[in-house]
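Shared between the two complexes below is chain A, which has chain B as its partner in the first and chain C in the second.
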Partner chain A sequence: MLPLPEFTVHTPASVDEAVALLAKLGPGAMLLAGGTDLLPNMKQGLHAPAHVVSLQRLGALRGVRREGDALVIGAMTTLDAVAGSAEAKTHAAALAEAAAVVGGPQHRRMGTLGGNLCLDTRCRYYNQTAFWRGALGYCLKKDGDTCHVVEGGRKCVAAASNDTAAAAIALEATVVLTGPAGIRRLPAADFFVADGARNTARREGELLTALEVPVRAGRVSVYEKLRRRGAIDFPLLSVAVRLDREDGSARALDVVISALAAKPRRLAAAQKLGAADLATLPIDTLADAALRECNPLPNIEGDVVWRKQMVRVLVKRALGRATSLA
Partner chain B sequence: MPEALVTLSLRVNGDDVRVAVRPSQTLLEVLRVGLELTGTKQGCDKGDCGACTVLLDGEPVLACLTLAVTCEGRVVQTVESLTREDPLVDAFDCHGAGQCGFCTPGMLMTAKGLLAKHGRPSRETIKQAISGNLCRCTGYGPIVEAIAAAGEGRRGKKDEEPLPAPLPSWEAPKP
Partner chain C sequence: MSGLIGKAGRRGDLVQRALGSTRFTDDLHLPRMLHGKTLRCPHPHARIARVDASKALAMPGVAAVITGKDLPERFGIIPWTPDEHPLALEIARFVGDGVAAVAAADERTAAKACEAIEVVYEVLPSAVELDTAITKPEIGLGAKRQDNVSKAVDLAFGDVDAELAASEVVLEGDFHFEGTAHVPIEPHCAIAQVDAAGLLTVWSTTQVPHYLHRELSRVLRLSPARIRVIQPPLGGAFGGKSEPFGHEFTAAKLAMITGRPVKFLMTREEEFYLHRGRHPMRLSFKVGARADGTLTGIDARTQIDGGAYSSFGLVTTYYSGQLLTLPTTAKSYRFSSTRYFTNKPPCGPKRGHGSVQPRFAFEVMLDRLAERLKLDPIELRRRNAVAADSKTINGMRVTSNGNLECLAKVEAASGWKERRGKLGFGRGLGVASSAYISGTNYPIYPNEMAQSAVQLKVDRSGVVTVFNGASELGQGTDMLLATIVADELGLPLDCVRVVSADTDLCPVDLGAYSSRGTFMNGNACLAAARQVKAKLIAAVAAKLEVPEDAVFVTRGALCVKGREGDAVPVDEAIKLAEARFGALGAVGSYKTPPKLGGEYRGGTIGASPAYSFSAHVAEVQVDVETGVVDVVNVWCAHDCGKALLPTQVIGQLDGSVYMGVAEAIFEEHLISPSGLHRGPNLLDYRIPTSLDVPAIHSMIVESMDPEGPLGAKEAGEGPLHSSIPAVANAIYDAVGIRLSRLPFSPGRVLEALQQRGRG
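For the complex of A and B:
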């Protein structure tokens, strides 16, 4: 058995109450949504909050709704509900596809979009029991001062392992946070930060309340994931693609690649495409560029050479699917 | 300072129960230790295997990653709620869907949740539904067949045989 450390549970009934509680309890408190990431991590001694603030009663944060030209998805919406939402499948396909391949069915029924966006980064030297970590020597993400992945590294490079992150960035979504200072909106691309020890821009005391995804005519998006088994496994590599078309031709393309390091990366080669390139959409060139741009680290399971080679394959697959849908 | 106990009221297998729990206890611990319902198995205790799957308000979830205190007023169903006559239990028996049996309670509850939604699920739907439940023995084939048979109301090869008498020692413990 992996017992949980001791804590006190709070169950606020509104967002305001939750924010007030966080302010009162200070840094010793952590938020609990579905618990499918926080609880295993607490069982491994990675977090030991004195207070756990459960968001279970915040019904207002559940559900997918259309507001003007945006899809607003509440943070407490389960991944199952995101994956099954007709609106999400139509207007935010990459997000619905990403939600559909998180973990196994039980994780998607319990796990929430907010929890997925705020997922702790993962590393083969971090997601281990306290005994295991202690035996090897703690690393700088938790209790130590060295990195076992990058020798002499001063910065944690644990991998962003949340499937929805790359999709949210590709879809130009906005993360909505509520804190003591009120509501703050951040583009998903800025919400994620390149630091494995703390990879989101969420400030102390803030609550993620929703993800806003713009709805655009002529937009298609897809998500591809590499994993060993067809279920349960975290991504070893992931690719989200958004393609905007107007009058039958491509106007904008975004390719976001994740599960490499702490922050999902936008493929520079895709950003640089001019109007003429977009019209022909050089899939092979882009896939080759992605292979050159991405260098997986031995931070998570899976052979790095395999993960690198698969960058080209997944980018090709995603682009192929996106163009066939457009 | 020891954790303060909280009184939790919930409905387990049709009975209203009240049990004192610590905030850091999982539903799995409370079921197995507090209520002595040891049918629900603990495999990994960290969300990897599905052995601890129970129905919470009708949905298959992992009891090892559910805080007991968040189950106040909710409805829990464990494998102890299935009788020997349950078509699913019968189908598992007839198809040899349990070998060592460790995954079986979790598989049964996942299947129960599935059949409540899809009367006659396809093999593909069944495979998707049980993809969060690991089995190290059967290779999954017999489990998929058993769930399909239960959905279709078939008993498989042993269709003609009468049901064996229930084991005399077997009685669901009352919480």
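For the complex of A and C:
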């Protein structure tokens, strides 16, 4: 077996206590939610925190609640619970669908929404054992100064591989963070940053406590994921679509494409659609635009040419499904 | 016979496995046990200039460090090609080759100590890719350092050139199979212990305890009398545990040095370095036929990528050609196969050793020929079928043969006649058939002794214990032997215990490979059980004063024909027999008939006392937008002679189809040009999940083999072969593309569809 490095576990009983602990322990500490990502990564030598702050006792961060015109989903809500929540399925379908296709049943029972949103980016040259990475030569995401994906690249382009990120952005959700300076709210679109080495705007000492998803009448959303197997696989490509309708016609459309590079990408062509276009919803034109806008990189396992071709297909399928629901 | 044979039933040991109570090798914990780790070479080919372990040795908790120099003897499963060292002696030949080994108080310390060992490597030119091995002989990976050739076999039967020249149709095709891994869920693990009397015991996840016993003795320079090998229950093997591995020797050596037990448990990554998976092969086929469908000639040229060491390579090279003359044959046949060494993890035998790759190529060629000749592909196979009780063109003796029945079964069950070609664009049916050995008549090291043996111990309580050298690896040999004995003696199944794969307790069986278990081990066991039965009958006959031939065994009792009231319970009969004959027991053994193969060099390789037959029809749905192939249904009919345990036979067929479809659609064992594995983990190397398995319709065909135990033949490997070409042929039926490279990944399918659209 790959041995887990040694560390000290802390189990705070409240958010305040957790924040205080993080402040005290400093950057040598990491948060542990379900542990389905952190622990395998630690075994591969990707992180070696001296202290691990477990959020398992923070019951207050579990559950899906309706608060006014928002759905508030606690960071410690399991993906399984998100996927099964009637409220989420009704008002944040893309998020529920995304949560339902993460990993396998065991990952979803242990894995949390907070852990998924804060998931480290992935790359076929990074998510490997220390021996393997050493044999290849370390890269600039960890311990090295070159990139194996983009020759001469100076910035890590590891892929956002969390299924819920694209859905959170498409749904105009807000990420709630609690830190030493209090509570901070960030639109999901700004929470994710285009840097594979550190792809969220979470600051040192902060804890993601909830995701707030606005509830709107006439809104439908869907999530499509490309993967080789029926379960387990991280996305090879993913598309979240939000479609807002009023009086029977579309008013706004958002298409977010992910598993490309570090930050999920909002399809510019969809943002630019005028009222007339929205009324007809030109699916093929949008799919063609997506193909032009998105360039999958050989950063994750899988044929890049095929992934590129699938941008069009996946966008088309997501849009087709969204319009059929509306 | 008391009615246990041929009945569906649940296997007790599988219930234990499902409940988590089976104790695998890694579940064994010995007092004072140390944990071992192997330091592995990060270069594809390198000279080890210097190893300095002083820092590692100085670490608290580290008990010992060894390098290649501590174990200088070479080993290898084939006695003619021993080319491995437990740890690389001077030269490491692939990324992952072992260089040093540590024993420490725990796994974490051992891993840290490995990192602290300083090794100076002198990197050597390498041949990672097959082409480099072919074009750059100067790299010198071969035995004489003059080329990179591991083994070359050229054999011809009949005049292929003349036959092809006189054929109405000759088709050519090139195929590529990149190779796959076994991926047993249980990784390799070994524990070694030396007791106060100096006896070395090695518990290991091996499917060949006897060969391990021999090689431990040779490499450690220790008398075999001082070594005991025990194989605990295995969590899957599929051929990946059928030869000795470096960690088995390093565990033993470190236990000898430290005087403490030492355990080595491989990581999933190391599993991909130990490898011995299916060989990558590039195959070029030329097949000719007459207008009536008679196959005239087959000309096969195959380049085999062997990886760093010989492993079973000599046999693989023969098997890549020798096993293709059944069940469909031509008037002439020639094959030329060359295995090359490359600087990659060594390849070896995986379920369907050596013959799955050429089977794919040949069955696709047959599909193309059938189309050209406007013949139904099943009919083409029928017209060229090898008969029962005949000889193949390369001299193999064929006895029972259920090939035609297998074809008929899949034809009927799949609705072939009504449905093929009529399912609309995107959906299709494909057929293929194959044959496989039930063990070979040649032991791995030449000897005149039995290939399999069991010993029975009969207890007065009515319990019979089978001491059996064969390896239970999940396939069910233990249950098979228990059933044979219980059935012969009229005992309930739970009164038969099986002790297997322990070199101190059990007679020698050569191991669980080449599908020999049921045939050889079953025959050995049957022979022993019948001796005990004869004694029970004699004792009961004497007691009841009836002739012996009037006594017969039923469930629970021995009865007399026509005198139902006179039944003697089996445990009573045992006591009567013990009183009459003394302590009861028996040994039984099996050895193949002497002449089974052709009269030429290599003619015995591939010769088997019996062949199994399989046919598959696959139904696929191809998504023309994504290129994703969904294998919807697979019908698999298999001639296993006689299904002694039908539930287990069906399990083997289902498992074979699962594995074959996995190789057709998902799996590809890729090494980067740098020599580094593309992703030695189960996220990057994808095996199907339960959601990715087709509906499998397994059907048993029984041809009652004259020499098999109660008529039985193998069922473990044969039914994998034709599943892959059946999928390939179904894809053609669905969307009109011929894929020559495995696996049929969506990118490849889409590319071929686009080419077809343009063409």
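Here, the second predicted complex is superposed on the first by the 326 of 326 C-alpha atoms of A that agree within 3 Å, B and C clash if a C-alpha of one lies under 4 Å from a C-alpha of the other, contacts with A are read in each partner's own complex, and residues count from 1 in each chain.
Basically, a contact is a pair of C-beta atoms (placed from the backbone, for glycine too) under 8 Å apart; a residue touches a chain by one contact, two chains touch by 3 or more.
Treat the numbers as computed from the prediction; the structure is a model and nothing was measured.
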| item | value |
| --- | --- |
| Partner chain in contact with A:F234 - chain B first, chain C second, else both or neither | second |
| Partner chain in contact with A:Q56 - chain B first, chain C second, else both or neither | first |
| Touched partner set for A:F7, first chain B, second chain C, both or neither | first |
| First, second, both or neither for A:Q106, with chain B first and chain C second | first |
| Partner chain(s) touched by A:W132 [first = chain B, second = chain C, both, neither] | second |
| Chain B versus chain C as contact partner of A:W306, first or second or both or neither | second |
| Contact residues of chain A, present in both the chain B and the chain C interface | 1-6, 104, 230-232 |
| Contacting residues of chain B [partner chain A, same complex] | 2-4, 6, 22-26, 29, 42, 45-48, 50, 53, 59-62, 65-67, 69-70, 110, 128-129, 131-134 |
| Interfacial residue positions of chain A with respect to chain B in the complex | 1-9, 11, 32, 34-36, 39-40, 43-44, 52, 54, 56, 103-107, 109-110, 230-232 |
| Residues of chain C that touch chain A when the two form their complex | 40, 42-43, 95, 106-108, 111, 265, 267, 269, 625-627, 666, 674, 676-681, 683-684, 686, 688-689, 691-692, 745-747, 750-751 |
| List of chain A residues in touch with chain C within their complex | 1-6, 104, 124, 127-129, 131-132, 134-136, 228-234, 301, 303, 305-306, 309-310, 313 |
